[in-house]
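Two complexes are shown next, each including subunit A; its partner changes from subunit B in the first to subunit C in the second.
And now, the complex of A and B:
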């Protein structure tokens, strides 16, 4: 196995990332630059950055591998990851921007005027962030092993080092440029090889296309197993459609828009960019069915995108394409890890490292840097220690937790005056503990197929309604605790900025 | 909108503490037209309630379309497994629908939402300026 193109690709991406990050550093000076790029990012740049940040290893590698192994029911992952932005657009985007908060805990505190809700939200942001970060680091190890033959610990360490260098030096402002660059890199790194591979497939006489569909089950867009299969599919849909709005790195991006209208337009561009990208991974999955079926059999389907060019196109062209997809995959780890680290570091710096400690208080930017170190090192250690569960599946679990906690908090907090702090905490606890327990069970043990496994593997379909019901029920029971400023807060969330109101 | 008596709301008005770093430029002096909303009088609540209802209904309509069109697919394929074998343009139907067609649909739906939401806000601004005259 030649490793030259892989090494070249990884080094180029790392250098480009650091260079763009350093360029951004020149314009990053204040804490506001660090956290929200001073809220001055236009819709197109911001949308590219959101796309770059959002398309993680799960999208770049995981979806194609899942499609290869399990078939077209896995197409629900990319659909849900895109449709999540439509739900976000319709219910959350503009009001969230208008709330004027930095992070999810900020939103919670502004809405309820309660430090306790804030603390619960902070814990959840960190938990979801870690659950999402560690498969990214594991995927990086996998990629470098496949591309370069390096031991699996090299990838996480390299990604962690680059992310840390960028995040702690330039913060959100420089990351915005890095992320936007990485979206387009990822798109081309998947598009060009796909075009060549499809051409090769035609030249080969389209193997697999004319087969009279012996693999009905592979083509059915449902998880197998009848009733539980249908449940798993719908639960996945619920988790991804509703989970997107609760992901810390997605939400933090909305605060960088100049106003609510720009937040909506940004989201619309994101929908288009994601739709474009997600046309590609299934192509790899389908081609892999004809050319690389043994990867699925040996349980290494996550490396399908990386191995397919080499398997289908011998010689120099194949090596060059391999280099390209490796670059894209590496960009995927870097961008998602950076975004999540920023989100987690932002929360940590506000609620932990920025607090006075033994009478001393770290300055804003220093607190952010310390938070960033924690946000990178902890998932790095988890990636090295925890078992490999499949990139897309682990990310799917993070979505389930986000859908069961922040989704009800945001939806009810934005659209219902009656939500109280007690209701919010009870709902976050019910949804978080319910989905969290299911995640822990899934990660720790493999159970036999059937209803119990289905319910644990995809908890969203029961944990999301549970969280909503708890929030509404407890809020109704504690009606006297509705914050006095709720009416004013609603005005701020829903009126256009052009209206000259005193926004508090 | 809410059953809360306006007097109470006015008395308990509390400012939310936050730090605004930068933002769109805003005029300092609120106009008369918006005072009803600021003071949370009954009239102000009617204005706010109408905007809130418009926007919420718009969002609900868009999401119902999403749920009916995309959300019914798993059920359809569960009830009629034969659909899986249907071919459209040389590719299996599930792949055409889930792999390709769904994305332009999502973008169109989002585009429709943004247009209508911005129009609702423009109408609201117009209403506010009329009230002043």
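And now, the complex of A and C:
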């Protein structure tokens, strides 16, 4: 196994990323050709950037691995991760943009005028961010081990250091151009090798799966009698459909849109871009069933995308394709973990490290750097301590927590006048504690198979309704606490900007 | 145990009465600090009646009733008469059964003590306490409460005038397109009318758009994109006048264009930069305007390489010394602090001969700030 293409790819991605970052910063012109209006971020560019930040190691590596190991019902993951934006498009995108909020705690503060709800939201943003960062570092470990042959702990440490240096030095700010570039890099890094591999597969006489799954496993969601399989599928659908709107690094990107209409258009383009991208990982999964069944047997299914070109195409072409997918994987965890670290560090610096502490107070930049260190080191330790949880599964847990907390907050906060601060806090606590406990159990120990494990590994199907019910119930009981400005806030959220009226 | 604890910590009966009175007063004061309106009277009168302990209490302005709390609402019709009588005399008055005719048996509203509410030596309303019997104690208490309410209303007046002052400053800034700028711009445009009529026409349109934005009436906030567009027009007009002598470099991160900023918070800084960087120095002047995305906030910098300024003078200008000729520097600083808190004031880096750099930091989200 030679490591040269992997190292070259990783270095190239890093250099290209930094180069675009620098170029994007230095777009300086004289007044004669400077038009502010034409420079605002258009929906297409913004959507590419969202795609770049959103498509993480779980999408790039995890989906193919899951399809390889568990078969086609794992296609619910990519479907859910895309369909989440459909819910976002229909119910959240435009009102959220019109609220003027930059982060989810900002939205809570604007809606309820309450510092307490804001504090609860900040805690949840940090928790979700850390939970989402953890599999990214894990994916980094897998990638570097597969590409360079380094021990598993090297990847997370190296990547943690790179991300930390980038974030705290002010490079890799969530610059739209960089993130947009990352999307297209990831797409091509999967598309080109996939085309070659499919051609090879065709030339080989279209071999079928080496060890076909039993039929009932393949159709588990629709299996007669239901059981945990059906429950797990529904839970996964709920978590992924409703969790996207609660991801901290996705929400902040919507602020870049000039208005609510642009936010909707952006979401629409995101749907198309993600739909295109998610066609590819299952192709790797399916080819892997024919060519790389031993990866699933040895429990290394997450490296399928990285290993498959080498296994199918020997020689220089295989090495080149390996380099390309390595570059894509590197871009995947670099962009997602940078975006997430920035989002988490921002919330930490605003609500924790930037606060006065025994009379002393850190300055803005220092507070942000301290926040960035926390945002990188904690998931890094998690990745080193618990390397056995699958990349896509861990991301699924982050989605479950987001769906059980921020989804009810956003949907009810945007569409129901009656939501009160007390109801919001109670619902966030119920959903957060419920799903959080399930996540902690899943991460800490491998429980025996059956219903209890299913309920804990996929908590969304019970924790999301629980959070909704708590929010509605407590809000109805504390009806007198409906914020006085709710009516005006609703007008702001739901009237198009083009409409000329006094929004107070 | 609990009782003993209470006695030691909450003091004697008299102490507790004092605490209750202070608590009622503190509950009434937020509403009264909004000024004397039907709404604020409605919200404060319950606490005021607790303070006086009368069966009925009324708050009025000089025209008539604003709020009534307690029993005997059928007397509301008599309230304006009491108001007129009190306003004429200008002091606390008591009224007896003859002034409050009542058919209902057992109605506790038999006598009234009416005190005027005085703000800046002008009667703005009355406080009317109704009781079955006239007592000297009630008269004294009503008088004291009326004075306290008057004090709160005066504070409300003070708040309002401070707010009006702030609004007046923004209005002044809007009207502060300097006469020199108008004169110079029109002069520059005139010089193009024969040689380059198309350019003259474009410049005139820019001038019209610039003034329309600057004289805008509604809204305290705008987006950074709008503000920069106005800056762009301003610079086009200045470049028409200075030609190659004015070199402008812009570096704007597109992510921060939707940020809400106080109306006219960048344009005065650019105007300062042009004035200090160019008008008082010979040769070419460079102006650099950048806006960076810094996560939760956006950082805008306006930099010139002109003559610079004595830091002490800048400090005085920021403190509000109007005699210095830094257009609106203190005003922009005050409005930024007012909108986003004291962490977000202007930062000016300058020294004589070393140019000037003004840094504005704006949070991407602040409660109550909408473009």
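Everything below uses one rule, namely that the second predicted complex is superposed on the first by the 441 of 504 C-alpha atoms of A that agree within 3 Å, B and C clash if a C-alpha of one lies under 4 Å from a C-alpha of the other, contacts with A are read in each partner's own complex, and residues count from 1 in each chain.
Throughout what follows, a residue touches a chain if its C-beta (ideal position, glycine included) is under 8 Å from a C-beta of that chain, and two chains touch if they have at least 3 such contacts.
Here the structure is a predicted model, which is why all the values come from computation and not from measurement.
Undergrad: Considering only the touch criterion stated at the top, classify A:368 as touching first (subunit B), second (subunit C), both, or neither.
TA: After superposition on chain A, A:368 lies in contact with subunit C alone.
Undergrad: Now for A:487: first (subunit B), second (subunit C), both, or neither, which partner does it touch?
TA: first
Undergrad: Taking the superposition as given, does A:271 touch the first partner, subunit B, the second, subunit C, both, or neither?
TA: Only subunit B is touched by A:271; subunit C is not.
Undergrad: Quick check for you: in the superposed arrangement, does A:101 touch first (subunit B), second (subunit C), both or neither?
TA: both
Undergrad: Just to be sure I read the superposition right, which of the two partners does A:255 touch: subunit B = first, subunit C = second, or both, or neither?
TA: Second partner only.
Undergrad: Just checking: does A:176 make contact with subunit B only, subunit C only, both, or neither of them? Give me first, second, both or neither.
TA: A:176: touches subunit C, not subunit B.
Undergrad: Using the touch criterion from the header, give the chain among subunit B and subunit C with more contacted residues in subunit A.
TA: B
Undergrad: Once the complexes are superposed, what residues of subunit A are shared between the subunit B interface and the subunit C interface?
TA: In the superposed arrangement, which is not itself an observed complex, subunit A uses residues 30, 36, 39-40, 100-101, 106, 110, 113, 258-259, 492, 503 for both subunit B and subunit C.
Undergrad: Can you list the residues on subunit B that touch subunit A in the complex?
TA: Answer in residue numbers: 1-2, 4, 9, 12-16, 18, 20-24, 26-27, 29-31, 34, 37-38, 40, 45, 48, 51-52, 55-56, 58-59, 62-63, 66, 70-71, 73-75, 77-78, 81, 84-85, 90, 92, 94-95, 97-100, 102-104, 106-107, 109-111, 113-114, 117-118, 121, 124-125, 128.
Undergrad: Sort out for me which residues of subunit A touch subunit C in the complex.
TA: 24-31, 34-37, 39-41, 100-103, 106, 109-110, 113, 170, 173-176, 255-259, 342, 345-346, 349-350, 364, 368, 492, 503
Undergrad: Enumerate the contact residues on subunit A facing subunit B in the complex.
TA: Listed in rising order, the residues are 30, 32, 36, 38-40, 72, 75-76, 79, 82-83, 85-87, 89-91, 94, 100-101, 106, 110, 113, 209, 213, 216, 219-222, 229-230, 233-234, 237, 258-259, 261, 264-265, 267-268, 271-272, 274-276, 278-279, 282, 286, 415, 417-418, 482-485, 487-492, 494-504.
Undergrad: Residue numbers of subunit C touching subunit A in their complex, please.
TA: Touching subunit A: residues 223, 225, 228-229, 232, 235-236, 239, 247-255, 257-258, 260, 290, 292-297, 343, 361, 364-365, 367, 369-371 of subunit C.
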